[in-house]
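Inspection log for the structure reproduced underneath, given as structure tokens.
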């Protein structure tokens, strides 16, 4: 039996174990938050990935020469990740470098990070898979960010997958996509979503028994 | 030994077992139908999928609020699927909702549907994979169609993957893509394609023996 | 112990066994070649593919009817592939045919070809996977090139994945992308990259011990 | 001297005479409405166009054969346009027909319509220019909508230029783009914008006198 | 009074004087040719351009070094233009050079060419405007084709603006777009279109008198 | 008679008066600089614009909230523009704000700036046209940069229109596009281009006399 409000750690584990993005988005719809799913260009490196966590936002931009202390803000951002957080990286549509890779995955993981959502390209994917660190991205590029991109801010609002993410929002992602749960409604969303999962089993069961969609819809009022 | 014309059920099983989209498209080329392969954005959810069936066309459009009886046409379309059919869904380039998901897959399967070709985004992919229902789509989005998209017609011509599909056309799809066989030439196409498969084995065999492409081409006249 | 310069055969095997595109690109950066990674639309058919080889360039263009001797230049190109080469195919952004397939893969392999990098669509992917021939491409299309595309030149400079490739350049590709090593710096690049792999192990190890990124970066000066 | 609230007719004429989209968007920013400018693909047919009016929303979708009564909803939509309204047409990203043309422009104008914002292609542009009816669109296509697109609803929320427009919102458009003013803040927005126009003259004047941007910004606090 | 069939010269002059692409496309629709309008990316250099002529097809492809006799086929193509022809240039989606410019415009004009439809980029636009030679294109690029693109064939089928154009087809283009009239139905299309123009005047006139769209549609059966 | 090397002021005036981008790009080709023309998405606000000047580079990035001192770097960049310079603004593919407008145009002009090349959206276009300040951009958006984009650096290498621009390079732009002349070859390029303009007159003249392209090409060796 869950005690509400739940602490972040057990909450995220429960979410990863019991929920899926579809039911999270349906619940957010009910609560009036209808634009919380990222653009479909964000895809999991491993299709079986399920990840939940607090958004640790990071803002990057492309540059065209090597700046002084190019990694300064990036290092501060990574070293300040706290347990239960998911790095959420806005690259401003970068296509010219693999801003996230094995080292950042390792550093994030060792701080307690639960995953990374990168609206851009990544590299070292074989080693990230071996590390078992959940990463979503828009593609792959084997070149380093040095002289190509820098982190310009963190712990600030960012737009990732065309959705505004604020520090403290909760990310939930699986093979269907990436959902952003606004900080204020996290507990409510999860509680409702857990209930909804139960009810969906009836619909599925009756359809599998061969009932018409018409009859099942009229009985349960949902599709 | 096959009796021609074959009935749909055995025909589709034979096609799924013996044929592949390449040989179907080559045969359609021979018959003068040169524009029958859908755009490459249509991809199988499971890369090992092979599916053949009659096109059950469905036409949807995005909307921006919840309409009265939003599922009315959709339910009629799904409940009228007949054994041997493949749902072929035109979403008019929708990118804002997962119009196809587990429930529709289950409903379609229980009516005898053999698969779905969705020129749009889908959700519940984990459960669709568990269900073993063949689906091709252009990407994934965990949000529901409610208030975002409606089915406006079915059993009508639709454009899916940039190819016009008419009710009664036969769909054949595998990891190389999705082909549309016009209703009038289905039997002819399959019969020729089965023959062609035999002949390609010679070309392959001689190449594997190390012969030059020049010599094999001059001998068999095909590449 | 490697003797430098190494011959192509052993060199490419060593590269495939020990290196990855990230370290190749970092080394090319050091040598001042900062734009050698192809566009991310090029993806491996099998994600576990690693391939190294000399670029055998091929240039194709779309056509809209069947030309006389449509396969003439293509056959000459394929039959002249030499051991250690990788076919590098520019299709001029073709989206209307599967210019590469099982037969070309077989022909290339039997000549000693190590793989193919196709900036366009391919077909017969099931059989190519069974053949175990490494292919990178931008998507899939089951239709033949006959009457749709022709090879117009080979052993000439081509632009593939937005990168200029000259005959004699070395291709190195894995799941992170495709790198082009200019002919003049191949030996130097590989030698340096092998060294760099060793050094990266320290960074990784210390991060895995829980050290802060700040401390590791200050110690090793790299990220 | 304007009496507030102003009636629609005089209000829209005042807006067209005194305001421009930049100052409207800056005012909406101040009021907390930061996402009210349509995508830049919407362009005026005549670059000198300035138009203000109530949104008369129309929702269309592509179809692929001639439906029964294909123009039924479209005719009802057009004939119900009221003086002061601007047709705001969502085509669901249609690229296959010129859904708006001379006849609809004429019909809209004769009902008192002030213009049309079409997120799609239009035709008869020479005659529309001669008619002097303000139209914004995303391009041109000389083919009729018959058998290609139908109006499926009107006076409903629509997404046009990626912005949600509700019936009753006010459209203001000029050569810089198209802004959507939510119904509730129309009077407030216009009043503030008129004031802001006055103040911007000081900044401009001092810059034209050669003052540094630094000094002007420190004096007026705006850029 | 026109004598049918008309010769090309007077026919094209009549078309340019009396017709517009909308009425041509409506007529082609009636005749069952529903996909004859090029993609909207093709735009006139001068928006007031109206041009009609026989398609002189030219097929080009990008290359990445200077070939021997790079202009050989191009020169033959240009020098064989006959009076009444319109150059229709397929560049296979080239974005890297201005394949058409002042010299080709001048050469084409002096042979009697009536215009050029280029599915690619052009240059020397100021001088082309001064020359008064009608050109449609998809954009502008000031770099020469030398070492970047070559003409590989002409007087062959080409795909331009996504429409197949065969030698002998007639092109008709104005500010609404570019229509392709199949060779077999040119006379029929023009004759019908001329009639249709007359009838449209009634619809327009009654709408301008303030009649409802409903009434005008019921009376004339067209929109 | 020009004295070489020429000072910037007279040089840029001469270029604007006598040259066009085509001849500049042909000259750069001769000198081995073959990739100096920006992407065709950069278009002049006024098609008759011709502008030459030293690149004053500015680097911006999108942000998603109002930063402290949001205009600080931007003001420093603008106030440090020197006579003869052209602002060259990299926005990192921004589509969400009009980063350049009337005030920056005015400020730049009063410092002696000759124009602006903005790889992004601009606003206040009516007033910029009235001011007569040459601006190239990729489109229009009426919303302010405040809280949407910031300048993060200037006088640094930037990539604009997909071309690397370094401080000190010379920009030359007209209705055909935007060319970047590397700092080291500016005088040489202009001198050669002026000569080339003379020679092109012969080719044009003979074509206008009706000579075949073949004959003119054989005589002058250029197209």
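Letters A, B, C, D, E and F mark the chains as written, and numbering starts fresh at 1 in each.
In this text, contacts are C-beta pairs under 8 Å (C-beta built on N, C-alpha and C of every residue); 3 or more make two chains touch, one makes a residue touch a chain.
Fair warning: this is a prediction, and the values are worked out from it, not measured in the lab.
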For subunit A and subunit F, chains touching each: none
Same or different contact residues where subunit D meets its copy subunit B, judged by the half mark: same
Chain whose average C-alpha position is farthest from subunit D's own: C
Subunit D-subunit E separation of Cα centroids, rounded to whole Å: 32
Between subunit F and subunit C, distance of the C-alpha-averaged centres to the nearest whole Å: 36
Between subunit F and subunit B, distance of the C-alpha-averaged centres to the nearest whole Å: 49
Of all residues in subunit D, the ones touching two or more other chains: none
Chains that touch, pairwise: A-B, A-C, A-F, B-C, B-D, C-E, D-E, D-F, E-F
Residues on subunit D engaged by subunit E in the complex (per definition of touch): 71, 74-76, 78-79, 95, 98, 101-104, 106-107, 110, 121, 123-126, 139-144, 146-147
List of subunit D residues in touch with subunit B within their complex: 59, 61-65, 67, 90, 92-94, 152-153, 156-159, 164
Residue ranges of subunit A touching subunit B (in the complex, touch as defined): 20-22, 24-26, 29, 34, 37, 39-40, 43, 174-177, 179, 203-204, 207-208, 210-214, 217, 223
